[in-house]
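Each remark here refers to the structure printed beneath this line.
Letters A, B, C and D mark the chains as written, and numbering starts fresh at 1 in each.
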Amino acid sequence: MAAPHAMRGYRNGFGDRVLFVAVLLLAAIWIAPIVWVVGLSFKPNDVLMRSTGGIVFPPFTLKNYADILAASSVFHWMLNSAIVAIGQTILTLLIASLAGYGFARTNFPGKRMLFVLVLAALAVPEQAIIVPLHTMFAVVDLHNTYAALIAPRLAFPFGVLLMTQYFRAISPEIEEAALLDSASRFKVFWRIVLPLSIPAQATLGIYTFLHGWNDYFWPLVSATKPEMYTLTVGLAAMQTNFAQTEGIGFLMAQAVFAGLPVMILYLFFQRYIVSAVAGAPAK
Amino acid sequence: MLKRTFLGLAGGLLASVALCAPQAWAQAKTEITFARFFGACEGDYGTSQDVAKARGECGVMTTLTNLFNATNKDNILVKPQIIEWGPYYQQFNARMAAHDIPTIAVMHSAQLGDYVRYVEPMDDALKEAGIDTADFTPNARAAVTVGGKIYAMPWDTHSWLWHINLGMFKKAGLLDAGGQPILPKTVDEMIAQAKAVREKTGKPYIVMATSGPGDAANSGRSYYSWMYDQNATIFPNGFEKADFKTPESLATLKAFEALAKADAITKGLDSGGGLGGFLNGAGAIYLTGTWRIDDMLAAEAKPDSPLHEGYAARVFPNLFKTQSVWTDNHTWVLPKGTPAPQHKAALVFLKFLWDHNFDWARGGGHLPARQSLMAEYAKLPQRQYVVDIPTFGKALPHEARRQFGFQNMIGEEVVNIINSGKTAEQAADAMQERSVALLRGR
Amino acid sequence: MSGAASSGIGRPSWANLLFVLPYMLVLAVLLIAPVGLGMWLSFQDYDMLGGWAGGVGFENFTNLLNDRIFLGTVRNTVIFVVLTTPAFIVIGLFLALSLNDRTRRSSALRSIFFGASVLSVTIVTLVWRLVYLPDRGLLADTLAIVGLHGLDPVVSETYALPAIAVVTVWWIIGLPMTLFLAALQQIPAEIYEAAALDRTSRWRTLLFITLPSIRRTVVMVAVLEIILQFQLFGQALLITGGGPNNRSRPMVQFIYEAGFRDLQLGFAAAASQILFALMLLAALAQMWLGRRQDGAS
Amino acid sequence: MSGLSLKNVSKHFGMLEVIHDLSLDIADGEFAVFLGPSGCGKSTLLRMVAGLEPLSGGEIHIGGKRIDALAPGDRGVAMVFQHYALYPHMTVRQNVAFGLRNIGTKSDEIARKIAAAAGTLEIAHLLDRKPAQLSGGQRQRVAIARAIVKQPDIFLFDEPLSNLDAALRSRTRIELARLHHRLRATMVFVTHDQVEAMTMATRIVVMNQGRIEQVGAPMEIYLQPATRFVASFIGSPAMNFLAATPTGDANGRIMVRLADGTTVATAIPAAALPASGPFTLGVRAEHVLPGAGSPARVDVVERLGERTLVHALANDGSTIVYDEPGDVAPAIGDHIQLTIDPAHVHLFDAAGRAYHADRIA
């Protein structure tokens, strides 16, 4: 992480200020809609029904948030989203780490062929197999289960390739030392390699989590029972043309409320997102 | 540290799942699922049981459900499954494919023909529930009858209106001596009125939502209404081939073209923007259905509202031969595959709804499905002007497949005339072509 | 991500297969099998509720190629990819270059740019529908200040797709930015120090040192974004519904509608195959370009 | 009995053969050093012994037991790696205990062994630190402690000193030698540094391109290198090599003429030499004597402190290095005269094979 100095080396003067203003301008564009949404969430619904402008002026209300606490499916959907996203994250980390280690560090018959298969799988778009996936899950009657919501994502090879890359970058000496220390192959993986790959796990974990949390198409067609809705599908269900005019403020409050935990999670893990990717040289 | 955080999070969540599991409800209750659109309004009506105070479709539906759950003697728990209106039927398909069968589902009568294979015939069930089918309005009866059998309990007749800002009509000189709005009788009259409104108020004549998901239906309903005024159909030669180039169809499309060319209709609003705009006085007429009457009346009552000078609900006007209008119906169906106890409980709930049909008509704005309620309905504000709709309103027969597909497709092409400047002929060509694809499936 | 598996440590053993077995099983059941099933479905008449009615040969494909709506979705999707991918690269790179230091300021700004990615598509589209609302949205209000009226992107055939592209870039610029940041942090500081001693200008440093050093990442981001953006769905469905005049309907929405609205699974599967083929072509072309440049330098 | 025996060991990576049919015996208690330039296969050989590289052919025995099919942990070997390979997420104590736990050693015994090893290596105060908190030398000791506690039959060292600075390196050399002496264990040490080999080994195995060039005690290798490669690799400064043409013999000892015309009467038996072919004469710097003799011009002077190396150009252009004690040295450009001590010259034939004078007892 020597970059900070590297960049500062040639930064000075007028050009920097122009750049900085440009970045600030972009940041303003980026944050404006969010500020707006937060603003709307504090406005009474009947005011918003007539106009969504003037969010900085009174009247303000906390009713929308109070309503969430009083009666809203948002909690349940958040829980579903969390179960799905965390389930996907944990399982992805587990099988991607195992497979990544297998490909990066062990030898077994047919390894090269299987790895080519994994690389090829990278080209398969998830949206393009939704129709057959839906048919398959319908045949085995698994729709509206957490398993159905979680499982399809586990097949995508990004995590395996990321972990393979990362494990290749870890010095093999340490694993060799462990082998000489009479550790089994699995023990080497579990006790030595896995703890060493926590930064990569964090990266993969965050991306998997976000992906799972934000997934729309699959839950839309697989979670058809409202009690199995994830947040994305649930909020979309709230957004009927009718609801939009009857409760923009309430809807926005739910949006803010739903976005909050992930935002906090992000702020907490933020440094891992960059540094972990940096830790795995893309050779 | 990180690992521990992850594990902690996961553990906590799993624990809370266990706590929140559906077992929380009492064991003995018979749970039935109730799939519907009409929106969710837990914020305003989450616990309310006061049906009289409920406004709007969502408010009435939610309150009725709450009331039933609190008061029914049969220990039945109705669990609403609220799905967005736009993808409701996609979702319904997915549910059927996933063997996730709701006990009761709302269905537009326009869709009943496509889904009749998957729902229970209800002649006997309605009798068993004590619902008098003789009380169905003729419109409602036709809506739920396929091949001589009743497949749904009708809930309303809804139709397509002009919601009029009388203040702006007055400015444009479009009120008669009695203060009632003068409606156009031809396309030319309509355009002339539009010019008057534009001149006198600077605002567009018609406000209509065209851009949001599902908003295409608005244009589709308008198209059908003017087609029916000409006693025309899009299926002049049987239900396997549509024809959009009949003179009547082209005349209808030309009416939209004329509106667009005269800048008499708003472009690119979604329903939020449309309704909000109209309530703010952004146009003289709002094109939407019966379901908004109550909201408009509420707005009219507010002193600071641009509608305060007066509001009128009128049937979508006849510009051609004989007054008709598009109608559709919300109905309740019992999808096949429900176990007997739920089936029985569903009938109890349907009877409850049937008994509260007037609440729906009042709060939701739709016309009731029961003939016996019509007189009382007509006494509600503005309802006298729409109460006759069931006698002259029309819908496609159930033999016509993919009715929503058609309504949407037609609507999209009309929207293209309004928003994108397509000509009537171009739109008709596109409709013709797209209808082939629509009828291709089974 | 190139290169076949290099040899690991230790002797080859069937037991090591156990490491990859869980994933390979998941891959086989949940990816390879659906791909195969999808290919089969695309030659069938298969109704979601009505069931299977036999093979139809290439009929689904010929119907697709004669379907103007479908061809429109192909055009829209390709345009969308062409609009967004360079934007992701240029803006992502610009942000990464500007925010690649450890000051609190940069960290806060990074959070802002990444922050939108944590919002789900439903929330994002809800927000932007309000932003784009004709006459009363944030955009209309803002443009009105500078005297611009009537620019309503979601109802314009020309601007609807770019408007969705803007939302998409706004939403998930965080990923390319992060990938670029990671790549930048791997450039050894010595190279910049040497460049500084050589009095290299900012532009020349960028052109001749920074960019060549992260070229692989640029290619990777390009391929990644092509793959992601070909799968546009939620934003279009929820903002414009595909309109106006089908000018913003993407292929995935077509697949969704064909399969889940019109119940024609075979037809939808056939459209999926075309999407798949297009993405493969685009990604391969991008990789080929990247590799060619790789070899040239 | 824990000697190491390699029998016809070979190794290839694909088409590339890195170890050619190599056989070697290392006796119990020996400190054997595999010495050679990088890429000579010495590390590969060590890793094959450790079980980290599979053999392409041949057998490996430790203490008479064939072990080349066993897992690394089952071979009774411990290894100290070039970069120490400490487990970064474990404390020193956990690092050292890891291997013992894996073979089910009882906790109290582990504690006892760690205490003993920590005492020996003076790392008792570091036991609860993580590797990142240690200096290079300390890590080195931990790595050795980790090997010691396992009480292996054979210690393997893979260039463990290459990451230490010069002072620490020489100190560690001494400690390792001392450790060897105390443990009397068999040790195999891989290095490319001839000083390490010379100072620590009881026997040096000089390797080049996957083959053993010579096996012998350090001084044996120094004094009687078996090949030109060994001669050039051992000794600092490197041996002087000069083209030489045999001109006959005197008393059965070969006489050669160098390129500058000088004739050297070597002590090498003429009979041992092949009949013809180009020869190279090798002579170490300490056996080139300044004073009377062939003329040369001083080119470079390297002062090492205790002695000074003088690089001189003979009149045929070849470079000869000799050393002067202390700071005594001619100036650059000075004309000097050099004599080669004929008793200490070596001859190498075209194949690089060496011919020496009879060993002076």
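Some notes on this structure:
Heads up, the rule we're going with is that a contact is a pair of C-beta atoms (placed from the backbone, for glycine too) under 8 Å apart; a residue touches a chain by one contact, two chains touch by 3 or more.
Given the structure is predicted, the values throughout are model-derived calculations rather than measurements.
Setting chain D aside and leaving every other chain in place, the chains that still touch stay joined as one piece.
Most remote from chain D, judged by the distance between CA-atom centroids, is B. Closest to the middle of the protein, by Cα centroid, lies chain A. Ranked by C-beta contact pairs, the top interface belongs to chains A-C.
Each chain gets a centre from the mean of its Cα atoms; for chain A and chain C, those two points are 15 Å apart. As a whole-number value, the distance joining the C-alpha centres of chain A and chain B reads 37 Å. The geometric centre of chain A is 55 Å away from that of chain D, both derived from CA atoms.
Residue positions of chain D with contacts to 2 or more other chains are 52, 72.
For chain A, the set of residues that touch two or more other chains comprises 51-52, 134-135, 176, 179, 221, 236, 239, 248.
Multi-chain contact residues of chain C (touching two or more other chains) are listed as 9-12, 130, 133, 136-137, 238, 256, 260.
Of all residues in chain A, only 1-11, 15, 19-20, 22-24, 26-27, 29-34, 36-37, 40, 51-53, 94-96, 98-99, 101-112, 114-119, 121-136, 151-152, 154-157, 160-161, 164-165, 168, 172, 175-176, 179, 185-186, 189, 207, 210, 213-214, 216-217, 221, 231-233, 235-236, 239, 248, 251-252, 255, 258-259, 262-263, 265-267, 270, 273-275, 277-278, 281-283 touch chain C in the complex they form. Residue ranges of chain D in contact with chain A, taken from their complex: 47, 50-52, 71-74, 77-79, 81-89, 98-99, 102-103, 146, 150.
Listing the residues of chain A that touch chain B in their complex gives 45, 49-52, 63-64, 67-68, 70-73, 76, 79, 82-83, 86, 89-90, 134-135, 137-138, 141, 143-144, 198, 201-202, 205, 220-222, 224-227, 236-248, 250, 272.
Those residues of chain C that touch chain B in the shared complex are 45, 47-50, 53, 63, 67-69, 129-130, 133-137, 152, 154-157, 237-238, 240-241, 243-246, 256-257, 260-264, 267.
Residues 2-3, 6, 9-10, 13-14, 16-17, 20, 22, 33, 37-44, 46-47, 56-58, 79-87, 90-91, 94-95, 97-100, 209, 212-215, 270-272, 275-276, 279-280 of chain B touch chain A in their complex.
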